[in-house]
Structures are given as C-alpha cells and as structure tokens.
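See below for the structure under consideration.
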C-alpha cells in the first residue's frame, strides 16, 4: 500500500527548485548589452525581468548642452543601425518650427536613403534572428548585401554607419552621377538574396518549427503596450505612419503595408513578425524604384536657412515610421539655439517591454528567439 | 603566464635555438587569435560588418568565441558605461593569459562624444584594463579594425618570452 | 582468415609493436583533427562567399598548427568554484573516449589496431563514455550554462544512441557479423555490393534497398546528434548557452574538447563508411583494390562524410531541445525499427 | 499517419533545398577584399582622419563652436604690426592671427563633419586615411600648429608687449587730453 502511494505522487507536487539564470549583459544573443534575469523551471521560462541601463548614454541630457545641428550626431548614435531614419523626424521637427520649405529633390533623396537604410536595418534584423536560431550562413549573406547599401550611403554622406546626412532644410551631400544605376543594382541584389534566404532559412522546416507559434503577441496586448512597427504589424494590425499620417512625400508612392497573415503558425508569433520584415524589404524596394523614377536630378540640396539655427519659443512633437517602429521627438524650445528639453520616444524601448508578457511558459531557447524577433537596439532602449 | 613563467629565468639571453622557439611560439600566438565577442554599441555593427564576407576577419586567423575562458583578446567595441565597466573587468580577469585588449572607437578610447557631459561613461577603457591597441574612429571602418589587428599581431610577434628584462621593457 | 594488422606480422608481438599500433591511430587523430579544423574553417568560409584563413602560411593552411601552438601556451585555468578533480578529468575522458573508438576502425584490410569480434558493439559502448565526460565537465565547472548544456547533452545522446544502434544492428543482421573487418570483407566487389545498396546478393535485394538507404540517412542524422553537430548542437548552442558544457574551459583542456569533437566526427564517419560504404573496398571491383589503396579509399570515403557533416552544419538552423527529442523518439526510432524489421524478414526468407 | 510521413518528408526536403543553395555558394565567386593587399576605393568624401591646412586657418574658432564633442583646442594670438616674422595666407592676404595651438584629440572625435561644414576658409577637411591605430592613446592626440612652442611663446610675448605699449600710449594720450580722468587698466 505504502509502495503504491509513493508512485502516485504527481509531478507538480515534487519538490523542485527553480533556477535563476543571468542572460547578459555579455551574451552572444542579447543584441547588445541587455540583461535578462530569467527564472527557469528546467527548461521552461517562468519569469523574465529585463534590466536596462548598460548602454545609458544620456542622450536627452546631452541635447540640452548642444546646439540644434550638433544634436544630429547624437541622434545617429541612438539607433545606430538605422541612423538615416532616426535623423528624419528630428530634422522634420526643426523644419516645421522654422517653417522651411525643403526642395523637391531633397525630399526624394531623403525617401531613398531612408528606405535604403530601412532595408539595411531589416537585413540585420532577419540576419541576427537567423543567427539566434543557429543559422550562420544567412547572416553573412545579408551582411554581404548590406555592404552594397552601405557603399551607396557612404558615397552620399561620407560615413558608413553614423551618417549625419540630414541637415535642417536639406541634406549634406549631393547625388553622384551613377547613383540611380547603383540603386537599381542594389535592389536587384536585395531581391535575389531575399529569395535565396526564403528558401534557405525562412521556409526551412526546422526554422518554422522553432519560430512558428512561439511568442504570440495578440493585437490587444500589442496596442496596450504601445508597440509599433513590425512588432505591431506582425500581430495583424496594419498601422504605418507612412500611410496613416503621410509625412514628407510618402503619399506619392504606391506601396502596401505588410501584416502578419499567419501562413505558418499563428498571427503574432515570431515567424510572422520576421516575415513582415521580409515583406517590408520588398515594399521598400518598390518605394525606391518609384522615387528614383520621379526624382529630379538637377537642383540644390539645401534650402536657405539661417546660419545659426534658433527655434522660436514653443514646443513640437514630430514622429516618423522607423524600421523598428514609431520614433518621435518632443522638443521644447526656449528661443535660444539650444533646446530646453528634448524627449525621444524610442520604439525599441516600448517594444522591449512586452518581453515578460509574451515569453512566459516557453522554453529557454525560445526566449532568445522572441527577443530576436522583436529586433531591439540597445542604443535606443537605454538612450 | 602559465607556461611562459616557467621558461623565464634560466635562459636569460637565450640562444639561437631559444630564439627560434620564441619565434615559433610568438608566431603561434600572433596568427591564432580567438576573440571574445563583445559588442557594446555602434562599433559592434561595424565589427559584424568586418566579420562578414567583404572584409572577412577570419583571414587573420581569428575565431569568435563566446566564452572569455577561450579568448585570446577582447575587443571593446562601444561606449563603456560605469554600470558595464565592472563587468568588463570581470570578463577580462576571466580570460586566460596571455591576453590582449583592443579598444575600438572613440567611446572606449576616451569616452568619445560622451566624454564631456557623460556622467555615466567611463572616460577610456584603459582606466580599468590595460589596452594594447587603440583603433580610432567613430565607428572605425572595417579596414581600420583589420589594421588594428595587424598592429596587434606585430606587437605579439615582437614579444620577448625568454628574456624577462626585454619583456619588462627595461632593456 | 587474413591477418588484419601488418605491424604484428612484421615485428611479432612485443612491447614496441604495441606502442606502434597505439601511436599510429593517435598520430592519425592529431593530423586528421588539424585537417578537419582547417576544412571546417575553409568550407564554412566558401559557403559564405568568404576566403577563410589566408594569412597563416600559403592560403592559411598552417592555421590549425598555429592554433595548437597557441593553445599550448595558454594559462591553465581551474575555476575556484569548480570541483577540481572532475573538472580536470573531464577533457581527458572525452578525448580518450573518442580515441579509444579508433581501436576497431578498419583502415585497410591489413591494418586495424585491434581486430575484435564485437567491434561495432565496442564502438557504441565506448561512444557513451564521452557523454560521461560531458556531464562531469558541465557539472564540475559549477556554471549554470555548463550544467544545462551537460544535461541536454546526456538526454540527446541517450535518445540518439538507439536509432543509431538500430541502423547498425540491421547491417549486423545482414552481414551476420559484428566484426568490422568482416563487414568490410563482405562488401568486396563493386559499389552496388555495398550495404547502402543492399549488400552483396542476388536480384532479390532490390526489396531492401529502400530500407538500407533510409537506414543510412537515419544513421547519419543520429550520428550528427551524437557528435553534437548542428542542427543538434544544443549542448553548446551559442545563442542560448554561451558555450555550453565547455564554457569554463580554456587552453589545452579546451583543445581536448576541440580535438575530441573532430575525432568523434571521424569515428562516426568511419562507422558509416564501414557499414554502408564498403569500408576500404574500391567502388570499382579490382580497380586500385588492395591493402595500400584501401587506406586511401577508406579515408576518402570518411572524409566525404565529414564534408557532408560540415556542409550540413553551415546550412541548417538549430533544433530546440524538445523537438530534438521528438525527432529522436518519434521519427528516427520508429523509422529505423521498421527498416530493421523489414531487413530481418528479408534475411529470414532469403 | 499520412501527415506524419508528409511532415517528415517536408522537413527532409527543406533541408535538402537549403543544402542545394549552400552547395552552389561553395563554388560562387568570393567577394572578399583582402585588405592589406587589396583596397576598396574609398569615395573622396569619406569622413576619416581630419587634416588641417595651417596656411589657410584664420583662427576664427568656428570649428570649435561647431564641434559637438569639444575635441578641438584652439588658441590664437593676434599678429602685431611690428612682428619681424610676417606671413601670408594661402590666398595671399596677410595673416591676422597666429594659431599658437591647434590640437585635435582623435580619441574623442566623432567624425561628424560639422567642423568641416563650418569652416569658412576650407582649412580643415576630411582625408580618406583611416590607418592610424596606435599602441598608445597619446599618439591619437594630434597637434596641427606649425609654430613651435618657443615661437608661440614669443608671439604671445610680442602680443603682450604690443598690448602694454598700446595701453601705455592710450593712457598717455588720455592723460594728455584729460589729466583728471581715472587711469584705465592695462589689458594683457
């Protein structure tokens, strides 16, 4: 009798201890210096506590010491993967405050460089996501292609990563003669590699098994947490500032908003979030093609602006669709050449906050993939 | 330095044979450098780009290791905040001798853009660990990383193992 | 039966001969590991449109040599918190496990270190020792990542030992021998006499060809898992468990893990070659057949399997631990069991 | 049962598809640029190490004002009329300011290019040279001034003398004109 009782003990009644694992800040797949304090029961994640601040660079405090043009290099260093996109809302805010009309050519040039940088950003996102899943080769294929984009941006701006290209009322460098051909070349290469990676990684059965149905972010949770960008669109919400609140000249282009459709797995899982990025690269290619067609090649790339930029007293909030989500800058001006206060709304920070919500109950290996699918940049999270 | 310490004193001055052995050991260390993958900020992206196909860091005989125990040198690529600094020190101490440090970019060289108003940024990684090579740039080009790597390899291959006085730089 | 070790014949049984017989595979392991490390670096680079090591000797061929020289010079660390004896013992156990398996590998019809009658059984028994080493290393380093890596490794090894053994057992049934030399002898002839294609026999063997090919694939997958290669490298999965069970190892001890991994790769490839690809036999009858050429054929065949292992590694993503178990228990095991059953029936009614 | 085998087949097939792609890449043309032997041609506007043309620099300090990281140290001394060593700018006009100290710390510089944009006389520009990594941080501290420290001291002394003389003259003039006026303090 007593023998039988012993066997009847259920698993949940067993005296088991949970283990706390410290993932990061130095860990190969925390995408920088994020630290996650993970509580695991065997391999199952029961709790995740993200710890921030390992890359805190006090962007907002620095802005109070800097004149308006000097802030742009610091904005580059926020989300360093998509620096061009970052500069845009800030410059847009200044232009709105100063009431500067930007030349037509500059608008097109800005669209092209921003979309090129969006492709580069998504390439890194998909590549590192694949790396988290253990596939090393697609990572290098994407970095090979990213190099061609970087070369175009370098010829325009002079730098490879932190461009400091957008200036108030214009851009820093004019187009060069072979610009259009090179852009078309790059688009062809991006499409070719995308098709290849689709077969090599995205539709690989192991990859699907790893990512589909993992880390499901339901639309209401995504909205409640304020997610934006591919994270929100992966959950099936077609929200894109480029279409919903067209800034610059985005209303002139014909493009779709890719959302997670759940071809594989469930809408809002890692696979769909990743797939949205793959589709967005294609849409960016379309936008660049249209912009290249419509762009005037002649003309100046800077508008007439005062040498010393002084904003009128007041405040402004300006936002744009970044590759990671919605990036906004709130500037309070006191009438001098330095801002009184500058607040940035970083999409990575907001998107990261859903991690504890969506990663409980999955395995430890899934947590890494969930983190990878959210595509954060710690420069922007910690600022 | 493990083996190196044992070989130190009796052979002061060395000889042709020891000179050749020293050359061989230095050759081994300079040509096979495993690095600790330590990406902090913007420079880490250029670091990845350097690992990628166009620049191919592996040509220099480097292999990425994720564990500090197996690494030969650590590349500090990015802004080092005070919060991160003690982690870096721990990681550096976990590495096995002989170990080297490459400081990449303005931020880890001297605090970079954050040196003046950054109340939270370490003003130069050399304040906590000894740095062998400084690579300037913000971020440096991938080729600049490789140039720094070549400089480190040159430095290693000139190191004196058997002659202690030479190694300490008193000769 | 033909003698299987020319060294015994040449020098007779004395201590020197024993040393020679032991040293020959050891030398082979070391040289082979250097070649395999270089091959891994180079093939991974080529797949990724890179060049790989280029600056160490011409085309970087001296890269592994430099690595060995470097690893020998590294400081020998034993973490304070570790369990010292086990920590220091683990790499030796793993390496000796990998090396001991070389004792029964028939390199050629005239050379095989130990011609024992239960060769295949011995290989499987010895192969499990490395799991013990992994557990010891992972537990003794008192690191949570190491511990998780070790636990995963053991569960993985146990699950994949069975399908692999099933595949080997089918060939044992077909050849009615566990002696690896005899299995090789049985496949003498043309390449359609290999057990991959049903082995020697009359036309009736076409019934079992699908099963033997399936078994070969099943054995290959299981062998990948046994050697902790991608897509089954979860015990050392970089992205989750920093470096898995060898997180705390460095220097020469890590070199032993490193060498043992490549040695294990060769062992499983050698078994694959022996039981499916005809061992040291020439694929074309009497063409280049003989004890000397046998070594060439054997190493050529084994290396192509090692190449496939490397090729797979740089193609596929990694499994999750529960999917790994699913694949092992619910796919490979039933499939290999069905094949084993079919082959047994065939042997019965032949 | 059928889906079971179908799933196995799909998994196996997708692995084969991936392997086919990687097989093709083994023989593809390699894109690597072998850096020390071959070089990627940098665009002429690449923003790497800064170079100052001392012959053009007027010492206007606009670059110092534009620099977001304050990595430029600039000190100037006015050229006094009776300096025995007069100099012309590159464009032929006489020099008005001696640049006694123009130092840049490339360990701090963020290579944003704002100083280049701010310079009215094109004295400072980016070069395409990025190969200046060093074993010592002090090697990244560049001094661009052409004057030696002794010369700089002399210029400062000359300027101080000139100032003092000017002040004395002014004082004398003031005293001559209005003897009761308070004495102005001499500026140095």
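We just call them A, B, C and D in the order they show up, numbering each chain from 1.
Note that a residue touches a chain if its C-beta (ideal position, glycine included) is under 8 Å from a C-beta of that chain, and two chains touch if they have at least 3 such contacts.
The structure presented is a predicted model; accordingly, all values stated were derived computationally and were not measured.
Listed by label, the chains touching subunit A and subunit C alike are B, D. Taking the CA centroid of subunit D as reference, the farthest chain centroid is that of C. Note on chain placement: the centre of subunit B and the centre of subunit C lie 36 Å apart, centres being C-alpha means.
Between the CA-based centres of subunit B and subunit D the separation comes to 27 Å, rounded to the whole angstrom.
Distance between chain centres (mean CA atoms), subunit A to subunit B: 31 Å. Shown for subunit C are the residues in touch with two or more other chains, namely 47-51, 54, 238, 242, 314-316. Under the contact definition stated at the top, the residues of subunit A that touch 2 or more other chains are 27-28, 73-74, 137, 140, 144, 162, 200-201, 204, 206, 209.
Of all residues in subunit D, those touching 2 or more other chains are 15, 18, 21-22, 25, 30-32, 34, 68, 110-111, listed in ascending order. Taken together, the touching pairs cover every possible pairing of the chains.
Of all residues in subunit A, those touching subunit B in their complex are 25-28, 32-33, 53-58, 61-62, 65, 73-74, 77, 80-81, 124, 140, 143-144, 146-147, 150, 160-162, 378-379. Contact residues on subunit A toward subunit D in their complex (touch as defined above): 66, 69-74, 76, 137, 144, 154-155, 157-159, 162, 164, 172-173, 196, 199-201, 203-206, 209.
By the touch rule above, subunit B contacts subunit D in their complex via residues 53-56, 59, 106, 109-113, 115-116, 124, 126, 131-138, 140-141, 143-144, 146-148, 150-151, 155. For subunit D in complex with subunit B, the residues that touch the partner chain are 30-36, 39-40, 48-49, 68-70, 105-111, 130-137, 139-140. Every residue of subunit C that touches subunit D in the complex is listed here, in rising order: 43, 46-51, 54, 217, 311-312, 314-316, 331, 335.
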